[in-house]
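Both complexes shown next keep subunit A, but they swap its partner, so subunit B is in the first and subunit C is in the second.
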Partner chain A sequence: MKWFGFIAVFLCGSLFIYGTVEFPGWGDPLSPTSTHVSPYYIEKTMEDTSVPNIVTAVLADYRGYDTMFETAVIFSAGIACLFLLRQMKRKKTDFRLYRHTATGITFRIEKGGKLPPTAKEFERIDGLWTPYDLIIKTTGRFIIPFIQIFALYVIAHGHHSPGGGFQGGVILGASFVLFAISHDLRSALNRMSEKLTAFFYTLGVYIYAGTGALCILLGANFLDYSALATILFVDPVTARSHGILIVEIGVGIAVMAVMVILYYNLVSAGKFDEGL
Partner chain B sequence: MIWQLDLIILTFVIFCGIGAITIKDLLGAAILFGAYSFMMSLLWAIMGAVDVSFTEASVGAGVSTVFFVSAVFRTTRRTKD
Partner chain C sequence: MSQHFPAFIIVIPLIAAFFIFTAGWLKRTYCFYIAAVALAISLFSSFGLLLQVLQNKVVVYHFGGWSPPWGIAYRVDYLNGIVLVVSAAIAFLNLIATKKSVEKEFIERVGPFYALYVLFVTGTMGIVVTGDAFNLYVLLEIASLTGYALIGMGTEHAALASLNYVFMGTIGASFYLLGIGYLYIATGSLNMFDIASILPNIFQSNVVLFAFVICLTGLFIKMALFPMHTWLPNAYTYSPSPAISLIAPLTTKVMVYVMIRILLSVFTPSFSFKSMAVNTSFVWLAVIAIVVGSILALSQQSLKRMLSYVMIAEIGYMVGGFWLANRAGITGAILHIINDAAMTLCVFLVAGNILYRVPGDSFDNLKGLFRKMPFSMGAFVVGALSIIGVPPTCGFFSKWYLITGGIAAGHYGFVAALLFSSLVNVVLFFRIFEIGYFEPFGDLHISGSMDEEEKTFDDAPLGMLVPLMIVAAGLIALGIYTDTLVTKVIQFAIPGGIS
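Our next item is the complex of A and B:
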């Protein structure tokens, strides 16, 4: 069976490599892709949208419909992970571990038992992996704001430099993942609950699709941002630039929430109780 | 585009890919896959596709490695085959 798989992969791979033989050379100015629409984008992007980064303009403006459904794909990935992994029925764990914060003594509470409600000096710890993590917590607390600022910069500066909603959203989600790793899953859930992530990833898709629908309401085509000029009080070219920013923010919010919900589901095996 | 650099990184990509599918330790496979993604992002940057490179570095080398590690944490570290 292993050899059969190897032969199949080898044949498919050599077929692919054989198929690339007749491709035009890398960066060939006479290839069909460089002669058909690329010259239009390269020459007209600046005067159409006033966005220096052509990639962002093509991604969010000229091919905005594509990107809207890419966001919908990310959204449905989050939903699918939720359906696959989330355990809807709450099952009680066999035991819970609590640590006395002053002395470091660990208590094991069996199923059915619970701490007296006045016991404030106990903190819940994970059952599987519970080292002392003061250094990790402090370092995480120092680094996370910088990561988030960088993520917001990547989202907002996508017009001028590489980046945009997808990358910035992933970095923003990674900062929440870092928070969940450096503290624990429950304190991350206190900051960013499951319901809040669900709200965010629907909100992101709504912002994108809503911007397109708003353009229809203002009398232009779907996702033709120049129609936003009347409500943003700018000229149509700047309105296209601002429209790109609005949809990038939507993409960023959606991607961030989906990354966080994927991490929560994976690391707690759908229980949302104990994690890495 | 410097072809020597290109060749070295391409060799690393191939070795990381082969290593990621042959290694028995799944945590090691996740880390090798992250290294693979990072090398791929370097290749994209060399080819001038900076946006793709940025996406590869943040998604491939960053978040998906974390997802793999958390999946390994919840399942098993050794493969059966």
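Our next item is the complex of A and C:
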């Protein structure tokens, strides 16, 4: 059976390679891909949208409708993960665990016992063994602001340089994930609760689809950003450029929040306590 | 406003999905109503579009104001106009019919469930309405992803079945994407009709040949044609019933539509049918699918599982009918997309109703059901007769066209397979009628006790029955108005060159 599989894969693979023989040469200026649609984008992007980065213009304007659905795919992935994994009812335990932050001693308080005062010296933890490392925490705290600034730059600078909402959103999400790893899930949830994350990722897709719907209300086709000119007080071409920025911000927010919710759900198997 | 209908069909459910998700956090009862309103608007717009198509032939909508091939365009003609109306109607009716069972099964997760439900409808309708080959892939991703999630919440082995579906579905979608990539290399365009205008000059190219083979392989996996069907039975058996009565009628049928669209509108009939000379082999593949699907259905012991194998056989009907490459065969295939979607909805809704009242759907659990749930089982009889192909239900007419096409093409193997499958369907469904009607009421039912009162009438709630009755009546109506459907719509969906 293994050999049969190998032979089948080998034959199909060779056929695939044979199929590529007639491909146009690498970077061939006369190939159909570089003569049919691309010249229009190369010549007209600046004139049509006043965006210097052609890739961004194609992604978010000429084919912006695809990109909206790519964002919707990410949104669906977030909901799917929540739908499948999230445990809506929390299991009640008989005891609670607290850590004295200064000494690192863990207290176990049985049901009915007196809870420690909610002062800063005590923090609630989920497992008997919750790692606590000053070096990692401090490094994380030091590095996270820089990651976030860079992420915002990538989102905002999408029209001029490589980047945009997806990349920037992932970087921004990574900063929150790093916070959750270097501290613990409980403190990450204190900073950015599940509801806030859900709010952000719906907000992101609202911004994108809402911009499109606004264009219909202003009398143009769906996602025709030039219609925004009247409310942004600019000319239609600049309006396209601003429209791209608006949807990129939406994508960035949605992607960031979905990364965070995926991490929260996967790492704790949907229980939202310290997992792993 | 009516010029925006193509956008409304997709965009309103999409935005509604976001609202539903938000409402799930605030007040759960709103979710259903938002979904219902969105799908009603979608149904209304697709109906309006079909009327526009009947008047002006083709409706084109440019997203972002960019004309193709630079931007993305939606294009509605006779072929997808009718499929759109049917899918929208199915999604809406199923939403209404499954309200109670969603409340029963997903009380905590109503928000995410309805959001995924509406996103699935968005993806499926988008696949049907789009005129851009890559946009189709993106929407396919949405429809598949939400489908996996909905199936994964089912009983027993649902997670494993869904994982299996994820693997097979992803392979299928990747193949489709690769095929589109090959087409892009060969033509430099992604718009279906633009590709079609460039392709005739380069039909001899190997790249086009490979694009054809790869696209088709991907679509065959997605539509579960026989050797690639393995993901389907488990996924459909274990999935939650409100989800499956949405997914089963739409997914595979829409993929058959995509095959017809890609082969007729992108590759054009002269390439698909004449240059390739693969018609007969594909019809034989369909024959095998029909025969094997029917035989495997015979050996099943539970209702949903049996129905999933019946569906595998039905996919064979449509694929075979299309590859007969004559007018009657293709008419039969398109008509069967509509009819099969409607009858699958009917029988899976009944399965959902049964599971609402009875703990399982194995044949033992069906004993005495005609007494307990006469209305649901009555609708089941209509659905079953339609699948068997008894006039005046709609199943008869599409089968008639398919058989006529088979005889016209001289492909008697296909005709024999259709008749064989109909006979097997008779056995399959009359066995269930017999169990439900004559076998004594078992003690497996949820009520447990054998009191005389317990055995009597206990059908599903009215909210589930009324939509089911509408669907069952629709099966007969579709049958009676077949002639109108074919002469007004379907005959224009087939390009002129096919006799």
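One rule holds for everything that comes next: the second predicted complex is superposed on the first by the 231 of 276 C-alpha atoms of A that agree within 3 Å, B and C clash if a C-alpha of one lies under 4 Å from a C-alpha of the other, contacts with A are read in each partner's own complex, and residues count from 1 in each chain.
By our rule, contacts are C-beta pairs under 8 Å (C-beta built on N, C-alpha and C of every residue); 3 or more make two chains touch, one makes a residue touch a chain.
Quick caveat, the model's predicted, so the values are computed rather than measured.
> Considering only touches as defined above, state whether A:M46 meets subunit B (first), subunit C (second), both or neither.
Neither partner.
> Give one of first, second, both or neither to describe whether A:L11 is in contact with subunit B, with subunit C, with both, or with none.
Neither partner.
> A:L223 in the overlay: touching subunit B, subunit C, both, or neither? Say first, second, both or neither.
second
> Touch check for A:I171: first (subunit B), second (subunit C), both, or neither?
first
> Touch test for A:G163: subunit B only (first), subunit C only (second), both, or neither?
first
> Between subunit B and subunit C, whom does A:I149 touch in the aligned arrangement: first, second, both, or neither?
neither
> Once chain A of both complexes is superposed, is A:L84 in touch with subunit B (first), subunit C (second), both, or neither?
second
> According to the stated criteria, A:A269 is in contact with first (subunit B), second (subunit C), both, or neither; which is it?
first
> Is A:I231 in contact with subunit B, with subunit C, with both, or with neither (first, second, both, neither)?
A:I231: touches no partner chain.
> Looking only at subunit A, is it subunit B or subunit C that touches more of its residues?
C
> Find the residues of subunit A that appear in the contact set with subunit B and again in the contact set with subunit C.
In subunit A, nothing is touched by subunit B and also by subunit C.
> If we count contacts the way the header does, which residues on subunit C are in touch with subunit A in the complex?
4, 7, 11, 14-15, 17-18, 21-22, 25, 61-66, 69-72, 108-109, 112-113, 115-116, 119, 122, 126, 132, 134-135, 138-139, 141-142, 145-146, 148-149, 152-153, 159, 182, 184-190, 198, 205-207, 209-210
> Looking at the complex, which residues from subunit A come into contact with subunit C?
Those in contact with subunit C are residues 15-16, 18-19, 21-24, 31-38, 40-41, 61-66, 69-70, 72-73, 75-77, 79-80, 82-84, 86, 88-89, 195, 198-199, 202, 205-206, 209-210, 212-213, 216, 220-226.
> Which bits of subunit B are touching subunit A when the two form their complex?
Spelled out, the residues of subunit B in touch with subunit A are 47-48, 50-51, 53-55, 58-59, 62-63, 66-67, 69-71, 73-74.
> Going by the contact rule set out above, which residues of subunit A touch subunit B in the complex?
The touching residues are 26-27, 55-56, 59, 154, 162-164, 166-167, 170-171, 173-174, 177, 181, 259, 262-263, 266-269, 275-276.
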